[in-house]
Amino acid sequence: MKKRIGYFICHCGINIAGTVDVKRVSEDLASYPGIIHSEDYVYMCSDPGQSRMIEAIKEKKLDKVVIACCSPTLHETTFRNAARTAGINSFQCEIANVREQCSWVHKDKVKATEKAIKISKSVIERARFNESLEPISIPVTRRALVIGGGISGIQSALDLANSGYEVVLVERSPSIGGHMIQLSETFPTLDCSQCIMTPKMVEVSKHPKIKLLTYSEVQDISGYVGNFKVKILKKPTFVDPDKCTLCDECTTVCPVAVPNEFDLGLTRRRAIYIPFPQAIPATYTLDINHCPGLVPIACGKCADVCEPKAIDYDMKPEILEEEVGSIIVSTGFDLYGKDEMAEYGYGTYEDVLDGLQFERLCSASGPTMGKILRPSDHKEPKEVVFIQCVGSRDPEQHCAYCSKICCMYTAKHAMLYKHHVHDGQAYVFYIDIRSGGKGYEEFVQRAVEEDGVVYLRGKVSKIFEENGKIRVWGVDTLSGKDIEIKADMVVLAMAIRPSKGADELAKKLKIAMDKDGFLSEAHPKLRPVESVTSGMFLAGAAQAPKDIPEAVAQASGAAVKAVNILSQEKLYHAPTVAAVNSTLCTGCGMCVDVCPYEAVSLAEGKANVNEVLCEGCGTCMATCLRAAASVKNVTPQQVHNMIIASLEG
Amino acid sequence: MVTLEELKDNCRQILKEGKVKYIIGYKRKNGQYMTVPAFLDRIEEVDHLVWDPSCIYNLVRYLRDEKMRKEKEKEPDTRPVGVIVKGCDSRAVNILIQENYITRDDVYIIGVSCEKSGIVDEKKLTKKFAGKDIRKLDFAGNGKIQVTCGTKNSVVPAEEILADRCIECTIPTPIVFDVLFGEKTDREVPDPFKTIKELESFDTTRKWEFWKEEMDKCIRCYACRSVCPMCYCDECVADSISLAVKPDTTAEEKAHKIRWVEKSPVISENFNYHLIRAMHLAGRCVDCGECDRVCPVDIPLRYLNRKMEKESLDHFGYTAGMEPEKPTLVSCFREDDPEEFIL
Amino acid sequence: MKMEEKFEPKIVAFLCKWCSSAGSDLAGVSRLKYPPNVVPITVMCSGSVSPNYIFSAFKKGADGVLVSGCHPGDCHYMKGNYYARRRITLVKELLDFIGIEPQRFHMSWVSAAEGAKFTEIISDFVKELEPLGPQNKLRSNL
Amino acid sequence: MEKVLLKKDLNSWAGKLGSYDIYAPFKSGDVWGYELMENQAEITLDYPNTAIPPKKILFPQREVLFEFEATQEGGMEIREVLPDDTPKIIFGVRSCDARGLAKLGKISQGGIEDVYFTRRRNQTVIAGLACHNPPSPYCFCTSVGGSPHSLEGMDILMTDLGDAYYLESVTEEGVKLMGSAEGIVTDPDDKQKADKEKIHSDSEKKILLDISDMEKINEALSEIFDTGLWDRESLSCLRCGICTFSCPVCHCFDVNDEIIRTHPLKGKRVRTWDNCQFPDFTMHSSGHNPRSDKASRLRQRVMHKFRYFNENCEEFLCTGCGRCIEKCPVGIDIVEVLEKAKTYEK
Amino acid sequence: MKNEYIPKPARIISVKEEVDGQRAIKTFRTQFLEPDGFSYRCGQCAMLSVFGKGESMISISSAPHITDYLQFSVLKTGRVTTALHDLEKDDVIGIRGPYGNGFPVEDWKGKNLVFVGGGIGLAPLWSIVHTAIENKDEYGDVMLIYGARSSNDIVYKDELDGLKKKMTIHLSVDNEEPDWKEFVGFVPQNVMDKKPSPENAIAITCGPPVMIKFTIQSLNELGFNDDQIYTTVENKMKCGIGKCGRCNIGEHYVCKHGPVYSWEKLKTMPQEY
């Protein structure tokens, strides 16, 4: 049967009619092949305008309509809904933009009218071969996976769980808590980090909807939004947490001592250990890398002393398979280490510390029980130099970006130092002070005014040890004077890097990373918590350096985004996706290479489109040498006819 | 240098062992010095095998026939097919592998090195030895070719009679092979894109006059795409002929195939056909030059593909058929790909 | 005596939906003016523009063809414009090689904010094409 | 009528033929082809043979059959497009090609007449040229009922005597044409007559290929229809169209509509050369393809030329010009195939 | 000199949808815009043009004695037939012809006629079926054995009902259907089931190639000699006049020598149809 197309041109008051002779257009189009009905109307988008369209569709049994009006971004949905009301598929309604792309940009009425005709004809040619499509529906597994158990992951997990959805929280270390649990106090309120963090950790461990998998890593992931299948490797801790009574006998007999990660090497721990007293899950872990050996058992002392027989040397790694509908990635950050940053004597001089080490020094539960003492001689440092932007904002040698939180935590460190060592002097070398945030600027001012912290604008050129002092050479660029400080301790505000291993995970998840290795958001402004992969969201410092409130806010945001998916029984996806003609496809795989969404794969030598993942960009279509791929309703056939119509016009 | 006897022995051996289904090689054309493709499935046929500077065919093209044959058979013999390849031909095999058209196991690649010379252009040869009774061509080493006329041998610098493509060839040794005969060498070419640069230096009008005259000659016999190992599509996009039709192909699908190019051999259609082909060969053409050779009206088709080859290299550092495990030229990008021309 | 009609070049512009088409919408919203010689064809992404479209447009009588997409890094589909850039580079070189005036084929990056740039590109394009006269080289001579 | 024309006068003869479109061999690059000559001074007959036979003049690769245009009233106006009626001369046609034209003429007139070919043929005079030496090592005209100086299909046969052409009229048209050369031609003397005869008889001996027992070929072919010969011989075939497009008697075509304007519809119905070696030649729209493999297509080409046509018309659909052998990019040799066909053991 | 390539414009006066879906069939009746001396015989074909799309050879399914229209039943299968299916009443197409030799009806006079058709294969038989019924005295018994994939695929449904009074009609569908009371199975099986007598009979079969092959086997089994069996290979016809080369099978050009063949002749020809 011939197509029965209706054509409507909107005057848009004088917006269109002022430059385009709409009567002439409508008359001209009336004789165009397939046009059964052609009319002009003053405001097509108005209720009477839409009614006219609906009436015409019903009366003249139209199966397609083209409305020449404003940009489709404005009223495409309006008219498509109206078309559906009239009983035709919404994809049988197309918009010809004769306002923004014609009447508003031209003056010559004759030429603008001709152009409006060409635009209309070309859109009619598109409509002529439009398929009727229904949104693609996808069932949803109504559970979520959160990767990373720092504050962001915890927040996301709790928000999701409290919304009623099951959450699998995967943490690679033996305890959740991340970096926040290492901190002493938090800016700008100086409340105790552990005090506000532990209740959340406990809540996670007690929450009936949260399945906590610590000492575990995501190994493999397949599927797509709403239907991910995740393989998780659960590494053996060799300790049964249910039996363990936390008596700590095992650590006393363990012959091995290694640097304690939690205290960043400021203390040592045993091969069997609990990372920190408040660890969740509250249990011990046998660190296989440092244990003298299990196969064959080389030592066995810990098991010997364990009364409840909680230690099981035969524990094996487990692979767990979980099905989830949505994933939040909150893999956090690491600080620049000594491998990356050797300039300032970090790793060489004992009394040159990084920010996290200083946090541990300040912490009441830290290695010095809250006293600030030099690691080298356990004396109280009287002059401490804090250096900001170590590795940050240095495009030539290090990271080009600003690590964002250093200004604030350095101010906090200086302040905390003064609170501990009243007669001490804190110096801060800075490039700029970035203290945007609620109460932040006031906080920095307090450090300067109340705690007498000396801020020096400039870079440190050299640090070296001499006579038990660390000599810091620098320049105060404000006064232009060379500065030399004989410090007792130096604290470096190291650049923030994506957590180690985040890149591998990103590859498994097929989430893009930016050039610095942080995970890429789908849109820098409008989709800051979504990854480019549908159904996966980002939280916390994995996406970019951020402070706790920001991380928590993003985590909650990500949780809501995940709920957007999980709260639905089915997801709907635009059906204008690619399709492959398998007769023509030779399976060369070029479309697989170019697809930005990993939506195309090869099966039995033919390309296959996962319609759920496909966004319909059509790059496969232009890449395919055999014209086997095409995007529904923007097929090469349609574009070919549009080209002809726009040139014949 | 390639020893023909060794090559033959290897072929006999793999046939004897049943390692290959058959071998695609070269044999003499009916008592003449030029060769034709040979399909050897019996050991005794290997006696006729030839390798000399007349072996111009890119035999990789026949892997397509083999694949089609296999697809038709109910219980196909899945042993590999032996194929004799030169440097350029081997890159064509690589592309077929890169594009999943064949697997590495489908072929037993018998590489032969062109070393410092290459394959002779029959037209140049007959011009140079006009009126002489050419009997035989041989590689004479050191970039020379021995031409036997009657009973007289003359050794000439290869460049004088080489096919154009061979003159500009920098990869005379197979990139991929199961067994290689002859020496692995490169070929120093002062400017492999000299001809293209010359054409580029023409002004717009002169370029157009040049190509218009060439395209006007095209009779659309499609020998160019028929001989091309890369043109393995069942149905060419340029003139969809509904050849790729299955019982479930709908009438609409057949009816609405786009005719980018009409059958009429007029300039606009000829241009469209050859432009589409050039685009489709960008990053895939290995400059085996076969399209150029087979053209019955002597359109220098190679130039179009060679131009694309040049741009692929200049802009994107890409050479076709070198790394089959990597994406193709147009299915990858670098963020810093040049874009001076973009407004 | 009949005045010789002024040559009005015909331009087909393939605009990606998200940036360039939106940019040309902005030109409209801003009431910028450019010559009416261009007919836009909105495609999803510049990465979906097949060389066949371009050749076909010339064959059907286009005097100029424009392909326009998002700036690198801004593609709605992340990478489509990078692929387009490679492909179109080759088309550009090829057309130039066979003697099509380089002024007849352009690619541009026009963001949704660059209404003014779109206006300028079209105005310049028309100006460039006017002295060249009709494109008859690739036009169908069936 | 028999006359002698000095070679130097060929151009002035051509100059007298102003009312005709003159086609003659023309070399572009390394390739000879028949071209419409704008400048008579460029006419030369010193050439081997053209790549594409002169059938392209009488049966052009693209022929517009008619034009159609939708009328305002919803009808369709159909305008027949006939070849223009300017008389034509083709100079230098070789005997094989002239015979080819004669065969095409028979095909065109058999059954329903093909208006386009007939009309062109009727207004064309063939001034052919006998061969001294076979233009190609693959010539085998003498094996298929022809000769290097065959008169079939000619209006005039010219024989190169060195400094002059010996002209023999074959048809009334030829006589008329030779009449126009009055004043610049002379009557041949006995030596010239003898020379011509000698050239003719010598030229036959120079043909290198000779297929024996051609009278038995029909029978031989009829016995090997279903044999493996065709698979074997077609192995190297590329499925291109060179052999048939360059054949002086291959005449298959396709008919298509070409659209000039889609709305209101205007277009042309054209026929273009087609080719039994293209895989889509016999393709049905259902997807059924009776000759889907190379072997059956090669068989069709050989069978049609040497058996089917022979059974209908008692002659071969081949003039032995050797082009398909010479031009085949992979050395498929129809003579070789025939030889094998004769001796093929099932 | 008549230019055989030029079609005459004709108007579609009615379109009837016989079968819808994947294998759609429509029946068109047409009238020439200007009176035309178009006369034809049973089994001949005509070339239909859809301008801008091309031309396609279609069997004439109306009987020659009907003079006010030409009827064609068209299976939608390719470019031209799809375009034809898009046409409506009053649209203009082009027609040239008639082509082919048609059925040797004169030779069949006085004989019993057995028509065996499958799917769209009834269309080429339809003119002779009607002719035979119209001239009942000239022929013996007329039987039609016709089958389709399903009851939805049966063409000329309404007419078949009416014709049942005038001739024996045996229908079949390939697979069981709820309300189907007639034969279930393939056409050749139905032939074996209904056992038409070869006595003084001619069998004319048309349909898909596989069906024809097995129908002939069935007929042979029932005692039909090869010279009693006829079929038509009109789908080989392309230009209609034996010039374009596509219809060449062996020494025959189907356009000139066919398309109607006795099996006795066709079986000696190369199996390239």
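Lettered A, B, C, D and E in written order, each chain numbered from 1.
As a convention for this text, contacts are C-beta pairs under 8 Å (C-beta built on N, C-alpha and C of every residue); 3 or more make two chains touch, one makes a residue touch a chain.
As the structure is a prediction and not an experimental result, all values here were calculated from the model.
Visitor: Touching both subunit C and subunit D, which chains are there?
Guide: For subunit C paired with subunit D, the chains in contact with each are A, B, in label order.
Visitor: Under the touch criterion given at the top, what is the topological distance in steps from subunit C to subunit E?
Guide: The least step count works out to 2.
Visitor: Taking CA centroids for every chain, report which one is farthest away from subunit E.
Guide: Chain A.
Visitor: Going by the touch criterion at the top, tell me which pair is linked by more C-beta contacts: B-E or B-C.
Guide: If we tally the C-beta pairs in contact for B-E and B-C, the bigger total goes to B-C.
Visitor: Just the number, please: Cα centre separation of subunit A and subunit C in whole Å.
Guide: For subunit A versus subunit C, the centre distance works out to 36 Å.
Visitor: Give, as an integer number of Å, the spacing between the C-alpha centres of subunit B and subunit A.
Guide: 48
Visitor: From the mean C-alpha coordinate of subunit A to that of subunit E, what's the distance rounded to whole Å?
Guide: 67
Visitor: Taking each chain's centre as its mean C-alpha position, how far apart are subunit D and subunit E in Å?
Guide: About 39 Å, centre to centre.
Visitor: Please list all residues of subunit A that touch 2 or more other chains.
Guide: 594, 623, 636, 640, 644, 648, in rising order.
Visitor: What residues in subunit C touch two or more of the other chains?
Guide: 51-52, 56, 79, 83, 87, 140, 142
Visitor: Identify all positions of subunit E at which a residue touches two or more other chains, and write them in rising order.
Guide: Answer for subunit E, listing residues that touch two or more other chains: 77-79, 81, 85.
Visitor: Which residues of subunit A touch subunit D in the complex?
Guide: Residues of subunit A touching subunit D: 32-33, 121, 644-645, 648.
Visitor: Using the touch definition from the top, list the residues of subunit C that touch subunit A in their complex.
Guide: 8, 10, 12, 21-22, 24-29, 31-36, 39-45, 47-53, 56-57, 60-62, 76-80, 83-84, 87, 119
Visitor: In their shared complex, at which residues does subunit E touch subunit D?
Guide: 1-7, 9, 33, 49, 51-55, 77-79, 81, 90-92, 94, 209, 235, 238-239, 241-246, 248, 250-252, 256, 270-273
Visitor: Which residues of subunit D touch subunit C in their complex?
Guide: Against subunit C, subunit D makes touches at 258, 260, 268, 270.
Visitor: Flag every residue of subunit E that touches subunit B in the complex, lowest number first.
Guide: 22, 24, 76-79, 81-83, 85
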